[in-house]
Structures are given as C-alpha cells and as structure tokens.
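Note that the chains are named A, B, C, D, E and F in the order they appear, and that numbering of residues resets to 1 at the start of each chain.
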C-alpha cells in the first residue's frame, strides 16, 4: 500500500515547533536525524548552539503531506532555512500512518 | 537500472541482530544513521543507553526487500518500535546490490 | 513539480572534495548526514578519525544528477567506498533546485 | 536530613526538565560520564579488595549474589500478587530491582564521605556481583529456559554489556595495579569523581523529568510499587548487612544497592531476552520514580534506620 | 599588553580556521565545555554572594539590569541612525549587544587572575541579570508586544534557555552549598576551569574563523559597528562601575560585560521571536568580530582605561 | 617486564573488543581525548625547548627528520623486495611507518615516568618533525611528483591536518607561555594527562580488536611485516639516539618513535594523495598489530636493548 514520505530539512532550532505543527496536521509519527548542509541561506553546520540542520521524515497520507507542506510554506519559508520534498513509498501497515 | 531502497526505522538496541538478519536474507550492504522519533510506542530519543532509534537503508532487489520486510514483520513488529517503507531507486551498478 | 533526489553514500574523508565537485556541476545545495555502513569494501564505522561514512543528498534537475553521477563514477568509484542512487521527488519551489 | 551538594545538581536537572528547558547533555557526554563512573567504582573496589581475606570476601560475594536474587524474587512476588501486570512484565521489573544502579551507589558513597562516615570500600566489588544474577533470574521467570535469541547470544548481552565489562575490568585493574599504580590516573578518575558525578546527576535529573510524562500514563499502581519496593530492598540489604557484620557505613551501601534498580544492564538484557515485556514500565519505575526517591529521600532515610539498629552508629 | 596564555588557544583556533585546517571539535564537546563553564561561573557567583549585604546586592543587580538596557538601546540608536539595516535587524543586534557573552567574561576573569588583580567575585551574579533584559527589550523594539509564537512560548525560550538555567542553577547551588560544600567538585569545576576555558577558546577561534567568510559579505558597516560598539559598551560599563563603587578589577569585569555580545541566549531567542531578522548579521558581528576583538584587544585596553580613571589602580 | 598500569586499560579494551562486548566510546569522546593528548604533548615539548641551545636543537631536529625518511625507506625496501604488494601499497605503508604514533609515544613517556627514568623532555618536539617527511616521501614513492588532487590541496591536507596543527600549535603555546604561564591549565592538560591516556588506550584497544578481523584476511605476510618493522624502526631510532648523544630515557623515546606507525596523519594524507592504495592494509598493520605490539611488548623490550648498549643505564 502507498503512503507519502515527506522530508523536511530545516534549522535545528525549529524542532519543537515543527513537531507540534505536524502533529496538529494529523501526522502519527516522525523521524528526525541531525544534518548539515548548504542552500540559499548559506552553510549550516552543527558544532555550535544548534547551528546545524535537522532532517524530518513523515510517513503519512498524501492529503496530510500536502497540508503540512502548505502550512510550512506559509509560516516558515520566508524567514527560515528550509526545503521539503516528498514521494510515494510502499508501507506494510498503511493504517499506522 | 532499478533496485529497491528499503528503509527501516527501529530501536537502536536491535542493530546487531538486524544486520545479521538482513545479510542472511541476501542484502549485500546497508547504511545506518542515528535517529530519534515518535510513533505508536512513544518518543524515542538518544541521550541515554541506546534509547534512540536507528535508520537502516538497504539497496537490494525487490524480492530481497520483500523477504526482509516479511521477516521483520514476523519477528519484531509485535514487540519492538519499528516501521519500514520502500520505493524504487535508480542505481548505477545494479550488479552490486 | 518533479526534481531528482540524488543520494551518495561514501567515505567521510571525501566530504570537502565532493562538495566542491557537486557545486561545480550545478547543484544549488546539499544535505549531509553522518552514517555507518557495510558494502563491498567492508564495515565502515565512525569512532575513529573519519572512519565512518557520510550520506549526501542533492535535490537537483535530472540532468545535473546524471552529470554528478557520471563524474563520481569516473573519479571515485575505483578507489573509494561509494554508492549512489536516485529517484524523483515532488518539490514546492522547483526554481530553487 | 542534610543532603550532599551533588544532589543539588540532580534537582537542577529535574527542575529544568520539568520546566521544559531545552537543556540536554549530548548522548556522547552521557556515555563519557557513565564510562568514567563505572571504571572509577570498579577500580576503587579492586584496590580495596587486596586488604580483605579471600575467604571472607568469597563468602560475602556469595551472600550478596543471594541478596540480589532475594530482592528480585520479592519484587516478582509483589507484582504477581497484585495481579496487575502480565508475567513477563513482572519478571522484567523484578530483574531491574534485583539488579542495581551504579549511579545511586555513587550518591550513597558521596553521602557517607560528606558525613565523614567510614565504610568497607571493597563493597564496590559487590556492585558487579549484584548486577547479574537477578537479570538471569528475571529471564528465567519470564520465559523458563528459553530466552528470545537463545542463551549464547544472551550471555554475551549480559556478561559483555558495558556496565559489567567496565566494573569488572576496573576491578581487575584495581587489583593488579593497586593504589600506588593508579596514582597517576587519580586526578581524572578519583579527584574529579565527584564533579563527574554531579554532571551525571544533572543529566539523570533531565532524563527522570522526561520519563515522568509516560510515568503518569502507567498509573498509580506502578508509582506505588516504585516507591515501596526500594524500602523492601533496603530492608533486605540491611538484613544481609547485619548478617555479614558490616559497619554502619557499609550497611548503608548495601541497603542502597538493595533499594536501587538497574537502568543500564537490566533494560538492555531484558529488551533482548524478554521482548514482550514493555520496557516503558520498568524504565519509568526505575528511572523516574525509584532513582529520584533513593537519591533525594531514600539514602538519608536508610541511614536513619541503620543508626537505630546498629550498636556502634552515632545518632 | 601582556596576554593570558589561554588567549593563545583562541589564536591557535583562529589561525587553524583561517588556514582551512580540518580541525574541529565535535558539537558534543563544545556542548560539554559550555555547560561546564556556565555552571562554574554560576557557582562562583553564588558562593561569593553569601558575603555581600543583601541591600547592596539587590541595588547593584537592579543597576546592572538597567545597564543592559542602556547598552542595548545605545546599540539600537546607533544602528537606526545609520539607516543601513531594517528595524528588525537593528533590534536583534541590539539584543545581542545589550546581553552578554559568558566566554568573554571568563577570559576577563582569567586576565585578572593572571595579573594578580582582585575583584568582587559576586560579579558573576551580574552575568545572569545582564543576560535577559536586553533580549526582552530587543523583542519589543522589533515587534512591539507581539513576538512571533506569543509570549508564553517565548518566555520559556528566554528563561529556560541553556545559559540562564545553568548560570542561575549554578548560582543557587553555590549559595546553598557554599565553598565548603563545593570542595568535592572543585577539581572538575574550579581547578580544571582554566584548561576547559582554553579548550573552549580553541573551538571559539575555529568558529570565529568560519564566520569570517560571511562577515565579509555583510560589508564594512557591520564590521565597523562590531568594533565600535564594544568600546561604547565598555564605557557604559565603566560609568556604572564608578557609580557602583567597584574596585578596578570589578570595573574591568563590568566593562567587559558591557562590551561583550551574546552568542548563546540572544540568538536562540531572537530566532524564535523575531524570525524576520537575519541571524547571520548578529551572529557574525558578535562572534566573528566583537568576540575576537574583546578577547585579543579589548580586555587589556579597557583595563588601561580603568587604570587611568580609578584612583587606587596601579599603573 | 613490568607494565605501566595504563597498559591495563589497553588490555581491557582489547579483551572487551575480542569478546564482542558492545562497549564503545562515542566518536566525539575519541576526538576529545586525542585533541587533549596532542595539545599536551605539543605543549610539553614547547616548554622544554626554551632550555635547549638553538644550535643543538636545530641539528637534532634535522637528524630526526632524516631518521623518519630512513625508517620509511627501510619499510618500502622491505615491502618491495618481498614482492607481495603493489608499489602504491608499499609506498603508503612506508609512509605510515616512517611517520609516528603519538599514542605510542605517550605510552613510552608514561613508562619512563613509571620507572622513574629521566629523559630529554624536548623530544616531544621531535614528534612533529617526524610526522611529516615520511608522508611526503611516501607520496613521491607512489606517484612521483603527481599526487592525486595536486600538491596545493595536498599540502593543506598534510600540514593542516589535526595532529600537525595541534602538536605544532601546542608547541608554540608552550614556547611562548612557558611553564609558569601554563600553570593555570595544568590540572586539565598535565595532571589529568595519564587518566586521559588511560581512557584513550581503552578506546584504542577496542579499535585494535575491531581491526583484527580484517587483519586475518590480509594474511600472514602483513602480520609478519607489522611485527618485524617496529624492531627495525627501533634499531634505527637507537642508532640515531646514540649518534645524537641522548640519555637512555631519551633513547627509548626515539626508539619508540622509530618503531611506531602513524594512524592519524598518514592515513588521512595517503587516502587523498594515493587513493589507489588500500587503506585497509596500512591501517590494519599499524593499528591492529604494530600499536599493540609496541605498547605491550616493544617498549619494555627496547628499553632492555638500550640498557645493554648505553653505558650509564642501570640494569
């Protein structure tokens, strides 16, 4: 069965807020890994006071992914380093997500 | 050429056992990153005695991915925090996987 | 809109060089996470002088992904532990990548 | 009841965690601190052992192993009689409470040194011996002789786990090198010990606060157990201490070991051997309730009790 | 101007960074070092406070909070008058410069101890008080009374941030336990302090070097501000020190606090409350320019100035 | 042969690794420990240099650089004559053995201090000088004057690598600040040194055990080389020590440097400059065989030999 995997890469300092946001929009879980990177807002490296990035993955229904993406676009894109992308994945227990 | 990328997110303490399992089922390699997350079994954060998650990626043939998924479903789903998802990826040297 | 997500898993010591390479080939950004793994060149674990792997993700146009992949194949595949795979992802601001 | 200042660090961590501060120590720092504590305690035990007659030591070590089993069985009986938890959970929790917490032990030692009370320093050797038997018993109670994954891989998990390796390894180093040989490493392992313990307790406070959320979910029964069981464990420890003829200081340490619950070796082993047991229950009980209770209330309380029963303890 | 040897570690880090060495300390090590510094400074302040009359202390703490606001306002006025930056950026930078840098403070203390000059050690308590007001002011200057995310979540961010919790927590521990109580943890927190500071400065040098790349992009105006503002802050600090009747040593510390710019509490809070402000500007100014300037040139310079104005300071 | 107790930590790590314990120190801790060791050794060398006549020092540094090249060439010749490995692998391994291991050096220093034998403490300065030449030679032996990536980026890799920067930086700090200036940081960098070394050796034991798996795959020839080459290196070191007129203690240090193989600077540089060389071969030889051999057997053995040849060495 298909679900959507939405990946968000953004500033580590947003972690708590984004977790609250994605739950509000109906995600049942998330996974976070620490990351560094570079984009239009320059190099972001850990090593100093949350200067690094986090990479959030959310497996959810397509509609939830769309809602989260729109919310983030509206609330964070202008002021924060952030990208997101999504694609379909096969899951074993679709009811879980 | 297409291969399957299988991603497993689960408890860090399972690392050694899962490596053995996936090799048994014919995977030629794997990649592990440290992760934290939340799902039906609550928040899992590193910072204390393997309380965090790992994220295992396996590039392999579709049949191997299916076998591994079934094995994990049977042996770990009931008792451990674990999700898995998979999708097709393009690889350069399909014979490697 | 669709873009390509190219993922490279390779030796941590190549980090600086690969960043330069992918920029040269037209990528506008990248994200790196630390990883460990096993493949044809044995186990690669962090814990000692960059003995671990890194996992580089690049969202870019398909043609850029192809170019980078070919460059890496030519320049690193023989001598370094490295795999790469790619697939299509949906992005919100395609002009960014 | 006067408290050793290291306890203040635990309270700071607890308060910060409860007030949702984003203060955290990185996992690598926790790891470093716990490695230093385990090695230091092991070495202290090892250095002290050379002065003790082999026969006395052996018999006390055997007694102490029995004490671990008795404590674990008491916990199991209590939980079974209450009929609230499946057998596997009861067995897993019993394994945690029969085993010991090295961090709690270190606080008790700091407390004695703060009071200026002497103790048999070879008791550090008991820590290793107490760690393992209750874990093995818990596995058998849950699964008979069929742990998940089989005994060989389980034996590796139990005997090659971080805490056993470092405590036992430290002890061997202490025995071989002796106090003179270890003088060179004293600044890091012994002089800085209390500072390291303070930092460790700060992190334990943060962790305990994090665990309190799930704790509430598990209900009042688990909470009650996690407050009563340390008292039972302490009494068992006191009984063994009396029988073994320990000094009041040594008795406090044995009480504390009896009262404390494992949060390193037991969780790792039970997760592998009895996966059907809910790790949330045992960890919450041991980390979020029993650890703070022992550190803040239990240790001074046990010492009061000991003062009442030991002839030569000042009041 | 003679330099304390710890400065050499900063120079080593700076040089290594500029020469593109791949030397880095892991994030976990930076975290450990900064936790140790914050706790130690807090505890030193707390231990010293017991000796000070409550009335004197309270009035000085109030004075110092005012000083933070004055410094922040001066920075804001300067930036607004220059008409180069949007209001939100000016306010955010003002918050950074009205607040303080604990690392810079630690270097000033080391400098005084190196010179053998005494100081009022309860000044460490000022650090906490100086940290917060300018941040709150900066938020109001940028957004009126409507910070992004709302005040409750912001209050948590500001008052429960790492540096406030550790400084304040350390201070409370210092007050409660006192010098005698903290003797046991002295080897790690006080004896090793200067070595920890040295390592911390090595990393700060590496970080400052990394930030210099973006610094150039932001142009000469920001650079000029980041060099002039510490002088202004130091003068404000000197004026308050005179009014408060501090010793020359104490005056240097207050000057340094005035001159220094926050790189822990302020960036975290401004990022949440005033997200439209460019964090690159404030962090570059404070880390890549003002921090090195204070550490290498400012502190000895401020002490020269103090020596000229204080009657009882040797020359 | 009596062993310094720090060796016991290495044995503990080795045993735990071989018995498949899951004990590991996090990468960040390894990084911290190695930074502390490199800085401390550099500073010790720097502090000692002020007492030595410049002419003597310069000539000895040149001699020692030559010694690195001679050792590397000996290794290369041996490997080429055996005709078992491609030229690039032979050259890479030669670079490792011509260069030095700071960890092994620290163990030799600890050994001398354990025995109470004095040594020329400016020998720490040799460590830096020995590190680089053999690496450059290895590159030329493998690739002529065309390293992969070109010389400029390679020079950065070699001269700006962690170990050179920290050793050289530490040395400069030691020269500038002198013993008096560094008193403040002594508790962390010098008093805790041996404890830090012990912890470092624990991790090195774990790493060596991990590398032993691949070692077996590489066959008996590599094993034999990794056991014989340190003896040859030690003899070369002894010859240079005699010629330079070093004391028996100093001679042991030079022998150890000759016998030891790099596992920080050389692997990083060779991976970039000679990528076709298999890093598994050189790292296995140096880490899994030569390091344990030197630490456990070599150092005491070399000292026996020195005692036989030096007129003034006690037996």
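Here is the rule we go by: contacts are C-beta pairs under 8 Å (C-beta built on N, C-alpha and C of every residue); 3 or more make two chains touch, one makes a residue touch a chain.
Note that the structure is predicted; figures quoted are calculated from it, not measured.
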Once you find the CA centre of subunit A and the CA centre of subunit E, what distance in Å lies between them? 34
Using Cα averages as centroids, what's the distance between subunit A and subunit F in whole Å? 46
Cα centre of subunit C to Cα centre of subunit E, whole Å, reads 40
Nearest whole angstrom, what separates the Cα centre of subunit A from the Cα centre of subunit B? 20
Shared-contact residues (touching 2 or more other chains) in subunit F: 22, 25-28, 32, 187, 192
Please set out, as single numbers or ranges, the residues of subunit B touching at least two other chains. 33-34, 87
Which word fits how the chains touch one another: line, ring, star, complete or other? other
Inter-chain touches occur between A-B, A-C, A-E, B-C, B-D, C-F, D-E, D-F, E-F
Taking the complex as given, what residues does subunit D use to touch subunit E? 4-6, 8-9, 12, 15-16, 19-23, 25-29, 32, 110, 113-114, 187, 191-192, 194-196, 198-199
Give every residue of subunit A touching subunit C within the complex, in rising order. 7, 9, 33-40, 53, 55, 69, 73, 77, 83-87
For a test of understanding, state which residues of subunit C touch subunit F in their complex under the given definition. 11, 13, 17, 41-42, 45-50, 52, 78-80
Across the complex, what residues on subunit D touch subunit F? 26-29, 31-32, 35-36, 156, 160-162, 165-166, 169, 172-173, 176-177, 181-182, 184-189, 192
Which subunit B residues qualify as touching subunit C in the complex? 3, 5, 19, 28-34, 59, 87-93, 96
